[in-house]
Amino acid sequence: MSTITPGSPEPVVTATSPIRASNAIPTPSAPPPDVLRCAYMELVVTDLKRSRDFYVDVLGLVVTEEDDQAVYLRTLEEFIHHNLVLRKGPVAAAAAFSYRVRSPQDLDNAVAFYTELGCRVERRKEGWTRGVGESVRVEDPLGFPYEFFYDVQHVDRLAWRYDLYTPGSLVRIDHFNQVTPDVPRAVAYMEDLGFRVTEDIQDEDGTVYAAWMRRKPTVHDTAMTGGAGPRMHHLAFATHEKHNILAICDKLGALRRSDAIERGPGRHGVSNAFYLYLRDPDGHRIEIYTQDYYTGDPDNPVVTWDVHDNQRRDWWGNPVVPSWYTDASLVLDLDGNPQPVVERTDTSELDVTIGADGFSYTRRDEEDMPTWKQGEYKLGHQL
Amino acid sequence: MSTITPGSPEPVVTATSPIRASNAIPTPSAPPPDVLRCAYMELVVTDLKRSRDFYVDVLGLVVTEEDDQAVYLRTLEEFIHHNLVLRKGPVAAAAAFSYRVRSPQDLDNAVAFYTELGCRVERRKEGWTRGVGESVRVEDPLGFPYEFFYDVQHVDRLAWRYDLYTPGSLVRIDHFNQVTPDVPRAVAYMEDLGFRVTEDIQDEDGTVYAAWMRRKPTVHDTAMTGGAGPRMHHLAFATHEKHNILAICDKLGALRRSDAIERGPGRHGVSNAFYLYLRDPDGHRIEIYTQDYYTGDPDNPVVTWDVHDNQRRDWWGNPVVPSWYTDASLVLDLDGNPQPVVERTDTSELDVTIGADGFSYTRRDEEDMPTWKQGEYKLGHQL
Amino acid sequence: MSTITPGSPEPVVTATSPIRASNAIPTPSAPPPDVLRCAYMELVVTDLKRSRDFYVDVLGLVVTEEDDQAVYLRTLEEFIHHNLVLRKGPVAAAAAFSYRVRSPQDLDNAVAFYTELGCRVERRKEGWTRGVGESVRVEDPLGFPYEFFYDVQHVDRLAWRYDLYTPGSLVRIDHFNQVTPDVPRAVAYMEDLGFRVTEDIQDEDGTVYAAWMRRKPTVHDTAMTGGAGPRMHHLAFATHEKHNILAICDKLGALRRSDAIERGPGRHGVSNAFYLYLRDPDGHRIEIYTQDYYTGDPDNPVVTWDVHDNQRRDWWGNPVVPSWYTDASLVLDLDGNPQPVVERTDTSELDVTIGADGFSYTRRDEEDMPTWKQGEYKLGHQL
Amino acid sequence: MSTITPGSPEPVVTATSPIRASNAIPTPSAPPPDVLRCAYMELVVTDLKRSRDFYVDVLGLVVTEEDDQAVYLRTLEEFIHHNLVLRKGPVAAAAAFSYRVRSPQDLDNAVAFYTELGCRVERRKEGWTRGVGESVRVEDPLGFPYEFFYDVQHVDRLAWRYDLYTPGSLVRIDHFNQVTPDVPRAVAYMEDLGFRVTEDIQDEDGTVYAAWMRRKPTVHDTAMTGGAGPRMHHLAFATHEKHNILAICDKLGALRRSDAIERGPGRHGVSNAFYLYLRDPDGHRIEIYTQDYYTGDPDNPVVTWDVHDNQRRDWWGNPVVPSWYTDASLVLDLDGNPQPVVERTDTSELDVTIGADGFSYTRRDEEDMPTWKQGEYKLGHQL
């Protein structure tokens, strides 16, 4: 059953999550760790110098610390040691999705919660990355390397250091985005972990294509995107204003690196944020994001978008480039080996919206888009 | 011979126009009228109410005057009667590209100049549109209906009326853009009319794909785009800032009219301006444009872009949708009949840059674009 | 003892609140209600039509509901019934500072907490304002009319309705600001209520001039400003970007109501936000505010500013107009009568920074400001 | 006689300049040089390193060339050698207001024009500053050192070099502003030189306090401000958008140099531009300016503001700091000696608008400004 009905011209708003999993992982009896927010990602990159150049010289992230194996980077408003670790390695992959928890005791909760889920759990007094103390890493039920930590080194919050700002300054880490074959199952597990759904994409048959979930009161700390997984879809940083995102594009053009722009800039339907998707030298996808809305009330309305609504992923109706649906980064297990990728069995968003068999609408009651829109949507499948 | 050479990684800057016509129309001995600026366009629309809704309710142009046959519209900083006339008619077309001249005497010059060119010339004491007095209209050597006027009714310049501004307010008319088969020939004639080239697009063989020309000291008052013509490619209005253009997109999304967006928003390579292309209810193309640069010195450097430079039309390397190359509006002769359209014989920009046989580069020394960019460029030809 | 030391050139950052009250109100044994966020203010206005014109026609707040006694207004991203109630009454005043709590049970906690504090407490099944259900109102230990509610009518979140946006659209309620004679005592009570200090202003002797406290993870849900109280200093709404705030000023100019601008626009030192202070037709102060930073981690660093630091309240060193220090709105008791105002006994920020005896610095090691800055600071005391 | 009448609530718009000089300098019979635009200023600074730091490290102007005596600076969109020369010298002063002319022949015109005016004229084949060729310098009838040149070295226009942009990038030189005792007399001479008035400030008695005049089609290339002169009031550079100006303020705050901000940021009434006034290390005033309007039509409406209109110099009604009226830089004669300064005999704008005897209004029909505005205006005279 779906919340999407043919007659409705607009996204459907419901009081609670409209997603039900038929095959949910049993909820642990142990309470979940109290997650504050997505805090950092550890990315394995194959050419550390080239990646450093992208994240530091082009995007302007601040180097907290570095050596010949890793670079620790943060945004301008951050006070913890890092929001991104670039670590040199043989295969480009995401090594950790790391969340900060409310207290040291939450590490105990994390261990109990994931142990009960039957997951591989590793706790390290000294942590895995510099500046971060005792941490718990797990291979979660979906195959993702999740980390939880409280203890962290404080560094200067550079928010007032306008002498360091560039036109495209990144000021906060905003969210992760993960690819997983079965979105309702992933959502049920994340709800057990204490996350709340804020928006999702469905079709009339109730197939769920993606869901956004939050701990901090923004639209998300992470999202689950339906597809072959576990894979890392993207990591997002926030700017203050929209012109900052445009400035990143302008700079990439000036550097003759405009091909780092995969999609956008544009306005999302889902989240209402302004966005840009880049690809780093290893193909890891980075979103630059600004201006979603407050979601912190427990009865925050959940917004469900019709997968055929042409404005769900781009409010301006600009097509999503197929690579955005198909490409994603491998994720590592706790031994540092890539997790095997499992295909999605539900229909894919790419198939139902782009290409010869796809169907999308801007106004539900009208059949055809004008030729300039049609073309781009129809041709996507041939790649 | 071309100014484009294979080794050069960047646009070529020259002191004077790099365009030479092999078959130029002879220069009249009469001096040309002293053109101040592009001032207004008269558009024939098939559904006056629907067009009024687009230009007034959606885009926020100000109605100076209207009746059941025509709507006279202006931008917020304008002090002359109108920048756009929507006139009801059976066939959507551009009825006049109207330039303001420096003095009443320039009408005499216009008559002499075009008479010597062998063009049909009509002078009307009372003008063709309300608010505009004595005017000269011609069918110019390229087949376009050009108008010249000095006498015009002054109206309130609403620049300070911030109580009337909307988030996407249009503050000035900026330029016309015309489609014509032979760009060098068109440029030679426009130079005789007193225009100066500021930028152009060529290939290594010297084929000219488009040229931008100005009277007022911006990048252009009109541009000549190579293609089947005479046709009207677009009319452009300026906003103050980039966020105003994004706001127009956001509003179109909210009205479920995002399909009015044909291309963009983006940053142009040529002109360095921020842009958006819309299609009005009749398919007339409107550009929203902001922040090009001062060109008023007589030795203003001319910038020539390589047609294969992926960033020439979009600095961020986003592909140009094929309809942008192929679609344009008919133009009318002085009897109000559509001018016949003549095909271009030179190679087309669409063919040499988009589709299976196309070729474009971001960095001249590298062969391949990444898959996400490749795809969109390769597929364009199949429309 | 103060965290401010003469040698330190910059604000002092500490891990926990640097404010200690010598005369703190005893902490209740009952747990405080779990406050989510500041949610709305009820303002008594003397001319309902004139106030409606200011908040609706000038500022663009959305009318959820209204009658001849009250107008219920909300911001564009809000989903609860209102963020501001304008109620007609004989004396301009703030009738309620209303917080949303996490659950209906928190009303029980509120009753117990304030009862133990010896405060007057009133619980109403039907609430005090339309759209809001069961609520608890108290006269808090500082004399302020605080309200707590969970039950509220949901209304359309207009975030995506860009067709309704104006250039200066207000998208969220951000915070309250209260005037109270003894800031450390007020802070101790608010910490008992579960609030956390994010920033404050002190001098070398440890006098606290103001403190900012939050529940939601922004710089504040309310602030305590030292002065004669209890009084309401201001209510703040957020815009998306800085240009939205400038647009409000431009519109006030166009309406010949620029005298509604009391202070700003400018950049705050404290909070790092961009700001503007307006005065409504009754003199109630409204702040427009954008872009502070995330404060949700429990160890979020607290920033203490030296009262003599010229950039603490305006990062650009522009002087604070004296009325901003001296004027504030009365607050009502639960019978609707104005609370008596008690003078501050500690030194005032106005006295120590503006006027003949005031002292402020931009660079701590330099004595004099240039004449253009000096003048404005020196003269403030003569008002 | 004045165009200002007591009943009129708004600026008065006239078709031609409303300023008449009773003691105009006789118009030369020689035609004036054809001035294109204000092109650069030569400033004498007392500490070259300190000034370089301000203009290059803080404001981000681009160094075209430099040695131990002078620094040649340009804006990002400029293609001529420089827009500002900082030259080391014993007394801070403006050494040249330099205009570019249309052709080399205009130098002959300049010589003839100023010779006929009885001015000291010097023509140098090799020019006065690096990168600029043959030039004419004069001590003009008002005592200002004016320069005219055509020949100039072209340099890279960095408009597309977004890798070099800072958040506050200056992209064009916009205008000069000069202080002179008798504004109508100055205007008459400038009209002879081919300038046109776009806006001015008068009172009901016809006293002219300031006038704005242009060659390029913006509000001005220079303005005449009534006061003791000849002195240089300010030099203005343009940014693309308003947030760029705010970023300059933010950066000055971060550098603890906020005292370089003399006035603003704000919106001008006159010109409708967004502005900021800075003082450089020698006290030379620099304006940062963006978004005035097109004025290129010969019948461009002239806007006359009432000196008592509180919004004429700041559209938001924020008071003008007295130093802005009183301070200005000396100008040099052709021997490099400061020109003697002659007092103004007409009433001063400072006296009639600020201070105990001043009078200003926001709404003409209301007597009083609210206390927060009143205060600042009333106290200005005591400095």
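Letters are used for the chains, namely A, B, C and D, taken in the order the chains are written, and counting of residues starts over at 1 for each.
Quick note on the criterion: a residue touches a chain if its C-beta (ideal position, glycine included) is under 8 Å from a C-beta of that chain, and two chains touch if they have at least 3 such contacts.
As the structure is a prediction and not an experimental result, all values here were calculated from the model.
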Label of the chain whose CA centroid is most distant from the centroid of subunit D: A
Where subunit C and subunit D are represented by their mean Cα positions, the distance between them in whole Å: 41
Centroid distance [mean C-alpha coordinates] between subunit D and subunit B, Å: 34
Centroid distance [mean C-alpha coordinates] between subunit D and subunit A, Å: 51
Numbers and ranges of subunit D residues touching at least 2 other chains: 160, 241-243, 250, 253, 269, 315
Overall pattern in which the protein chains touch one another (line/ring/star/complete/other): complete
Interfacial residue positions of subunit B with respect to subunit D in the complex: 13, 15, 36-37, 77, 79-80, 100, 102-103, 154, 157, 159-160, 171-172, 216-217, 240-242, 269, 272, 291, 293-294, 296-301, 315
List of subunit D residues in touch with subunit C within their complex: 9, 241-243, 246, 249-250, 252-253, 256-259, 261-263, 265, 267, 269, 274, 279, 310-311, 315-318, 321-324, 327, 362-363, 369-373, 375-376, 379-380, 382-383
In the complex, subunit C residues that touch subunit B: 160-167, 169, 241, 243, 247, 250-251, 253-255
